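Got a structure for you, written out below as structure tokens; questions coming shortly.
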């Protein structure tokens, strides 16, 4: 964990905060997540200019501009792909993807499973409010099937899926869940996630108080993982597929092979390549 | 299983075969899979015109035109989405999606996990040859990370993922694996898959003898599932995440909620709707 | 206008409804910030005794519940020296730029008064002020308040009191902005509807029974309105995992025989482009309603612009002729969408119907649009004997389509180039034949008079499209009063092009003024590419979000430069 | 030609290589069926003492290893009465349509003879026949065979024997098709390369060090060639899960500071459209090589067409100005891609480089293309103090870009409309300012002479682009011999448009002939939309897969209708 090394803290949370005012509704869970991220970065003592925050589109995905890091606010659902390019081109940067349940699991689902599979060293932080906040209240892949909404009156009838189980099956190397109402807990998990090699997936339950006001009561529903994280995918699979979705903590810490191929200096030259074309 | 009911067979395999000559290489595993599909349909005594075969693009995805069923040969990776529309619009049809490991798991990965989650009553048959055949030999999500190819010299270094585990985590309701070299076994699994309600996922190991000639030896590698299929996702998760990828048989038979909302006759009228607009 | 939550939009809606009940026509558009909640909001209302499709050059009355962030809206609310500004005396100071117009400012103690009235918020009092000012009967205003806010703790008696007190307030200052009198309304056919609702209804009228969508501003309220209604009609709306899924679901359902559609906005349309090509090649009907917003990229989601024209026309790879339509008013969203379904089904071709944030989210008081004459449905293949050629080359280019379930007519819909039967073919002759066929069916079809709205006569012609048309019609009318004969041509059918019809419409034209809301003059270049225009061509082409107003067009017409 | 596996393509390649070694220039294109293996195949070779960029109007010699499925290729192999057909006597009967040309047929016992020679297949004998016939030294043919087939069980001695025996065979019949003599080659600069390889090399020369791709015919061999070479140079090529991922990876890497690119073909380009808009709005450089194939939809993956022009130009939603280039020959794929990287980096804008199946998969013997002059690299922001405005409006529209890692210059690249700093804004003024800036940087840049290849003078002007240009240049040369002065303008820079340069190039032109390989005349309409063309405009616009040949253009030029 982050406390193993003793370092002189050079940065505090506020060094990661920009002057742009969030457009979030007062009381939105995303405020808490943002502050956890800042705490984690400060704890890790990372210079803001060495951190790349990459996102898609959604209330949650607005985070990059609210930070003093390098930010990439791309298109809806594709943050993981952009982050992969960034990390491969600039392996020395710390890359964090900030996303929402719609952005990461719905339109971004393909990049989600393939980023887990590829296992590039970066952290995916999904602020899961089980709803599309930014487009004003439609069901996401994690929304309960009986949640009534305008677009799906009476509910979609579709079972929500378990993102952590999907991430595990797809190949993620670190899997954890936090709750926005516990910023210290989330910060701690994020420190561990960022430090762990490979693709770390952190799902943070982050209430949307506007379209899912009932989520205010999540603070009563969440409960800590009673058992220690496992390194065995099969065991983790068993646990995550029987989980209720409200357990917080670290579930899986893997040592799966990491995609390291990176842009650097090669030992060949263009002239050599061209010479081979002459006949 | 298919033998529970005694029916007078009206159709034989050849009733499902069109006159279009496959473009496949002699010896391709897909020939066997095609014949298994025809056997299964004949066994189920389904009138060819009541069957919709939907595919994307790839050698495997060429199947629709080789059948006497209604076929939809769409764009690369999107067959499951098209099939979802077809099944919802025409619930009485039997809908089978025929796909490849590239089509279903790479570009089509998002529809794969969401079709599993949504659980519409149809069957996904993936001819997995652990390679892109049609584009002449690039690695797919199931290709071993050390397989040398032009586009990834020395291998991708990426762990292949386990499609059955992903399907389970995402919500599929029936999960099985077959081997193209055992057409009867595959036919039997397909009969069961088509009959089981919800999204049935059948992965068939189907050698690409042109770009992965070593797959000819799969017939020595495959081995049957020693234990009976389970109905418990957690147990199935444990098993699938410790599987070697060459076990054949049925792994999971679920009773997850099925997406049934379908196009039919409603009890309202357009006039009623219009009346509400008058002020 | 006012801060989010102050009730500006509600006030505007109530006023619109009250006026509508009393027989006026009207239009309400809104401007909001990017915030989900708590941002600022502006409702713009225009009322008249005849149908209203656009805003004018300036507003007569501006009501401010407060002045927080009012600066953001200044450009959207042009005032003149004749205008009246009514502000809550607790609302802070008006931005100097607004007063520079010379408009008269009246401050009223709305907040103070509301404090003493149970369940009454200042915006209800404001509604009373406005109703009295404009001549909208207090009774209708009261009823509107009761219907909308009754459930929220406001009693009927208090509502009536509040409206009356507001009315009283307006006697405390001189004013002269009554509406022109109305002849009253026909209760059955006087509708209150938004453009997105109208488009949804047009689709239902056209027979759409399956929709697959992915939410995106400013299109989302269309499927939200449609979902329960489609259900009532025995149809189904599904929220897909992304736009690529939604358009593919649409094709699957349509292949299955159900008229089907999706809705989206620019970024989503871009994602659908590949599959739209499949619809063209495999000849599968599909309707795509694209509610345009500011671009490029994720752009300005909450604001209007006409800049998705290029992608709608040209955004498919290969030679992929298809149908593109543009709706011209809130009510026309209904007609144009209905027509889109008819054309798509008849021509077995995807039809993109372009609306925009302005139309889609505007609320209008209009006459119930008449349904279109029923069109011949999709040409369906009858069970026959012998080989069924799905893509047979026919004289009109349309080949009968077999519906799954029909015996003996099985075929495979294929996006690979194919022969007449449908079998993939890479031969030059098959490619040519099918390209010719797919073009011919669109070219040979008779689109009748719906292809364009044409108004007036004159050697000066305005050519415009979509939501900009209303301002052009109004400018032309004003130009005529000023002695300049102006004709307006506003094509509803953008693709396929109609050279013969346009040539006829342009007959005698000497000067053309192209008007559109895009930065790169997309419509102008499209016209140039495909039509013979008069020698003198001028262009008004501005990006969103500010609308192009009639006065700007009139000014251009009269001040030839 | 011959069945798949008979070795037709190999024969062609060996002939090309042998001729190249002896100093000739040449071009080899291939035509194959959709089968992965076992289909039929045709290699078309043109050789000359000067550089060759297109095929002629007909072929002088046709060699058939067998006649199976030869019917499919008839349209692609025009012959005349002067042509010679050489066929294996075991290969069956030639299609009557071929003989109708009047060409002379000679059958040779290739299969019979090969049976007696160890490790020798009939196609090696055929190569011997062709070498002798054309005057290509037997020694070079033998060497080519040894290099290519040596590993496959053919000894050097047997190879030499086979070539000699083939040569012998050609003395058994009269013939007269020797190549015009060559002056020999310069060993260092005489290259054998395909268009896809050339494009990859152009990217490497331009500094590309990161590529993310998804396989698609006919682009795949480009990244396949590039991957190991990129690795050597310290770069990396990654195969993404789909095209949307690949273009987003490219933007991420480019945002990180690495010149980056992707490759695709029509269907993949369609999928990238949304993210290309992001590259425009967020001003991130990116190069997209699109190797066109027959469309629409999945179309004809193995055949050539110029029909992705529209989507490349207009396929982005909103007003999204960007760079589009077209390569004109196999060798020009190198130059144009190199330039694409330079422009994209300099202008912080995505550049789409259009190639096609014809160019991409053709193999050419050419002079090593000279590298372009080094261009100024991406304008990078220097660490400074005070507020860093990533999207500052500058005189030339280009604002310095900060590279992650640089202290004090952090910013967020944003696809939402933004102010100069980069903060999202929905204000009209910010929108206008940024739209103006993004257009201005492309308009104000000086593209120099590379914008177009211009050849000849005359009142008759051919305007063409891409792979069709070579046929146009050849037709113009022939027209000049026939006494008609013809100028050819072939823009390499398709977007942004260059009205001043084009006007100058068209100065004095009275008649324009537009030549392109698309069904709907995409290039013609684009020219019409943006340029002032002469009054008399004619169009040759044909879909693929058959190439437009010089003779067809010449015929049109001389027989004005």
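Couple of notes before you dig in:
The first chain written gets the first letter, and so on, giving A, B, C and D; residue counts start at 1 in each chain.
What we mean here is this: contacts are C-beta pairs under 8 Å (C-beta built on N, C-alpha and C of every residue); 3 or more make two chains touch, one makes a residue touch a chain.
No experiment lies behind these values; they were computed from the predicted model shown.
Between the interfaces A-C and A-D, more contacting C-beta pairs are found at A-D. Using the mean of the Cα atoms as each chain's centre, the chain most removed from chain A is D. Mean C-alpha positions place chain A and chain C at a centre distance of 38 Å. Inter-chain spacing, taken between the CA centroids of chain C and chain D, is 43 Å.
Centroids built from CA atoms put chain B at 31 Å from chain A. With centres set at the average Cα position, the gap from chain A to chain D is 42 Å. Contact of a single residue of chain B with at least two other chains is seen at positions 75, 106-107, 109-110, 114, 141, 261. Shared interface positions of chain D, defined as residues touching 2 or more other chains, are 33-34, 231, 241-242, 244, 267, 274, 277-278, 282, 297-298, 415-416, 424. Residues 106-110, 113-114, 116-119, 141, 145, 157-162, 165-166, 168-171, 233-242, 256-257, 259-261 of chain A are the ones that touch chain B when the two sit in their complex. Taken together, the chain C residues at the contact with chain D in this complex read 33-34, 72, 75, 244, 266-267, 269-271, 273-274, 277-278, 280-282, 294-303, 305, 307-308, 310-311, 313-321, 415-417, 424, 426-429, 431-432, 435-436, 439, 518-520, 522, 525-526, 528-530, 543-546.
Contacts from chain B toward chain C in the complex involve residues 20, 47-50, 52-54, 64-65, 67-75, 78, 81-90, 92-93, 110-111, 114, 261-270, 272-274, 277-279. Touching chain B in their complex are the following residues of chain C: 17, 20-21, 185, 187-193, 197, 201, 204-205, 209-210, 212, 229, 231-236, 238, 240-242, 244-246, 248-258, 260, 274-275, 277-278, 282, 365, 368, 402, 404-416, 422-424.
On the side of chain B, the complex with chain D involves touching residues 23-26, 57, 59, 75-77, 106-107, 109, 132-136, 138-139, 141, 150-153, 156, 210.
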